[in-house]
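As written, the chains take the letters A, B, C and D, and residue 1 is the first residue of each chain.
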């Protein structure tokens, strides 16, 4: 590499750095203050509708992480699914295979628990509705927008 | 002369069988003591490196099948995978190492020793690769190494 | 047979290094640069005389786990070997399974698989290039690579519903159809990326410091690359035109016009630049896919028929596939099948042996990083100690993928 | 009345240059402010170039400017661990020395016309000589920790010293030859109309690169080399000791930037007379501003460059910088011979 082209390359590198120093684009979403709205097809927390369930246990049979188990009450014949979120990998096989549409994904994923025991949901609690804790505490919703110049940005809804 | 004819001509005297289960796969079975010879002839045909070395435990037949998959980067050979397989006794699984025929057998054979306990004679480095150095249980890919499997039903009160 | 110029010093492997006049440095496993693996680097002064990779820190015995699961359950399992490239690594398994089952994939599904595979490839390369940046302490390349990767993850998320663990390809097709606004968003992303690559060149790849660190370092000769069975960009940077996309009939690659980039130098810099070339080619493939994608079902007719009509209607409305109940216990006929798929890191190889039961008798997976591990052993010898991270960065080695 | 007199006496004492210069400006207090601000500036700049926010949530209204204060506090209360095999006395003393030694030359650096703690005729070589002592402390640190990574780091430091030290001195001397004095104050006063960088750009470039090497800034942060040797000589340090050794590099950067501005960028000119009437040191505030901007530029290089290899840095030192610095001496001599007089 000749000295001249080397100098040019140094200047190119430094000027590119300076360009970004003064350009206004950032990728970061400041999460607890802003919350990205997930699209409808997002594979988030799973919600169970017991009234639609036909107790076929396909969800438990296809679960690759052994997260879904069929719960049978003593003396009863019918079984209903419950989920263990310690294990769930959100592959959505259970939702896909459910022949009665009794399981569905919700576009919520930022749930945290304080203990491992709380992460196990028997059939009665499997049906609960999920709300993002960030939104509950007043986070502003933003959505992902593609821009030719700035790439992925998040704008308030 | 197409590839199948070439292979049959080259290997018919030492192979116990040559099969074509799929369009892209040629399976050659040899006896344990002819493995080196067969491998050298396959390299001469142009299959100069391995895609895989694997062992298959066959407890019913008291054997471990060691399978080499050779491939080539040359345009006329690259569509085909040559599978060279042989059987070793399950209680005394010894086989000649092929690292001098296929240099990249180094880690592949070592893994097979690690996982199935097949001893490759002449391999300079048969020590734990993926398993922890203190492993003293039976090799995990043997069929008698059992993984605990859960049922899908949970009984509740 | 061409003479190999790399010395395969097997004698050296047997040699005990205790008592030798070498300085042993342990890099890893808890180390800023090495990831979940350890290297024992032996130095004579500043020159590396021997490198011993010690892997297995993230080993999960996936091959054994696969034997205990029904066929379809192994898709999310193998995905976790290379979570940054999940569609490509599972596609190999799905292809081998489809061969065993004798299933034809409808054209639209093949195009969609190609689309996600290329999105994954770009994301995987950006990940690797970002790491190649931080290995010589170029933090901007690191952050840019990881930042721009987010764009492709966003596209993948919009297509599949998951950011990394897509679990998208299933036997006979894919799990969801193209969203309405996908084409427009993807084209914007491509135009942005093309613009950004120019700045990447200026700040990193043409930067004299980067060139000094990567040029003529860790040269892999063509003959060695072939004999050692090196795969992926590392192979193609040494002048071998081989790519599993040319070999195995999967996805829509037979119907798409694309070139496999090759470089001749074989040094660390060309391995990096080849990934940039591949990102450009992949973006071109995405454009073509979005242009040419045919209409039609995204799951094989054989399985569609098994889905109740009411569910088939919801499938059409939401664009998301419902599984037939059969999927919980697929039973391929006895036999064996192999499949090769080109991942971002190189060729992944699967071999499935079926005994006719719902669980595979044996699944063999050889990942590109495991095959490229040899490079970390042979390339650094004779170089200076500070070249070690540069060579490691240029190989784009991914420990969880090698350990499986 | 006695109390007032005592207070007045104390104030006069503090305001007298021999006390004010080393303690307040340009000395200790200023250094502390610089340490707390420049690291924040560095992180903010890198974040901006890398499309991120950088430190923010500590004091959000002012952009996280108090982040370094928070970090320093944490360092201060963190447990200090001395490795069993380390030479504990050297291990504990070296970090303190590594902060004091680079700070020491401040007493010879004039901050405004005739405003200096200790006025000597040979301030330029004295400043450079004292700041050249720091590497010895770093090598002591490396040796005392008794760890493979620190020893490699220490050896790297030793190699780096011989790569830049000579060029740093020779390019500074090139300016001294031209101005005919080794006194920084005289050198600055002769640049009132024309900064030295225009007369002898070769010396300026050489001094600049050698300075970046001396302070282990990118692309020459070879000693720390965290990708292969964790943190080089500083690997075993924890708590406030780690804080001290990290701060030492910035202190040295500050001193060398002051020297660079006084050698090449006409020091405290333009002199602001109005402020100078309030207090003499204030008049020379442009020296501080220029030095600070120079530091900002050097920390900005972190987001542009990777790291050179050790042997490449050494060969840059010997094969490029040394000839350049010698050329700058000849340039100075040529200028003198041509009769260029300030």
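Just so we're on the same page, a residue touches a chain if its C-beta (ideal position, glycine included) is under 8 Å from a C-beta of that chain, and two chains touch if they have at least 3 such contacts.
This structure is a prediction, so every number in the text was calculated from the model and none was measured.
Undergrad: Which chains sit in contact with both members of the pair subunit C and subunit D?
TA: Chains in contact with subunit C as well as subunit D: A.
Undergrad: With centres defined by CA atoms only, which chain is the most remote from subunit C?
TA: Following the centroid criterion, the farthest chain would be D.
Undergrad: Could you work out how far the Cα centre of subunit B sits from that of subunit C, in whole Å?
TA: Computed from C-alpha means, the inter-chain centre distance equals 23 Å.
Undergrad: Which whole number of Å gives the spacing of the CA centres of subunit A and subunit B?
TA: Chain centres of subunit A and subunit B, defined by C-alpha means, are spaced 41 Å apart.
Undergrad: In whole angstrom, how far does the Cα centroid of subunit A sit from the Cα centroid of subunit D?
TA: Between these chains, centre-to-centre, one finds 48 Å.
Undergrad: What parts of subunit D, by residue number, touch at least two of the other chains?
TA: 49-52, 303-305
Undergrad: Multi-chain contacts in subunit C: which residues touch at least two other chains?
TA: Answer for subunit C, listing residues that touch two or more other chains: 140, 147, 203-204, 207.
Undergrad: Going by the contact rule already set, what residues in subunit B reach two or more other chains?
TA: None at all.
Undergrad: Viewed as a graph of touching chains, is the assembly arranged as a line, ring, star, complete set, or other?
TA: other
Undergrad: Write out the stretch or stretches of subunit B touching subunit C in their complex.
TA: 21-22, 24-25, 27, 43, 48-52, 54, 56, 67, 69, 71, 73, 75, 78-79, 81, 83, 99, 102-104, 106-108, 111, 115, 124-125, 128-132, 140-141, 145, 147, 149
Undergrad: Enumerate the contact residues on subunit A facing subunit B in the complex.
TA: Listed in rising order, the residues are 57, 60-61, 63, 66, 68-74, 79, 82, 122.
Undergrad: Write out the stretch or stretches of subunit A touching subunit D in their complex.
TA: 13-14, 16-18, 20-21, 25-28, 30
Undergrad: In the complex formed with subunit A, which residues of subunit B make contact?
TA: 150, 152-157
Undergrad: Help me check something: in the complex, which residues belonging to subunit C touch subunit B?
TA: It comes out as residues 1, 4, 8, 10-11, 13-14, 55-56, 59, 61, 63-65, 67-68, 99, 226-229, 235, 240-242, 246-248, 335-338, 340, 347, 349, 351, 353, 361-362, 364, 366, 370-371, 373-374, 403-404.
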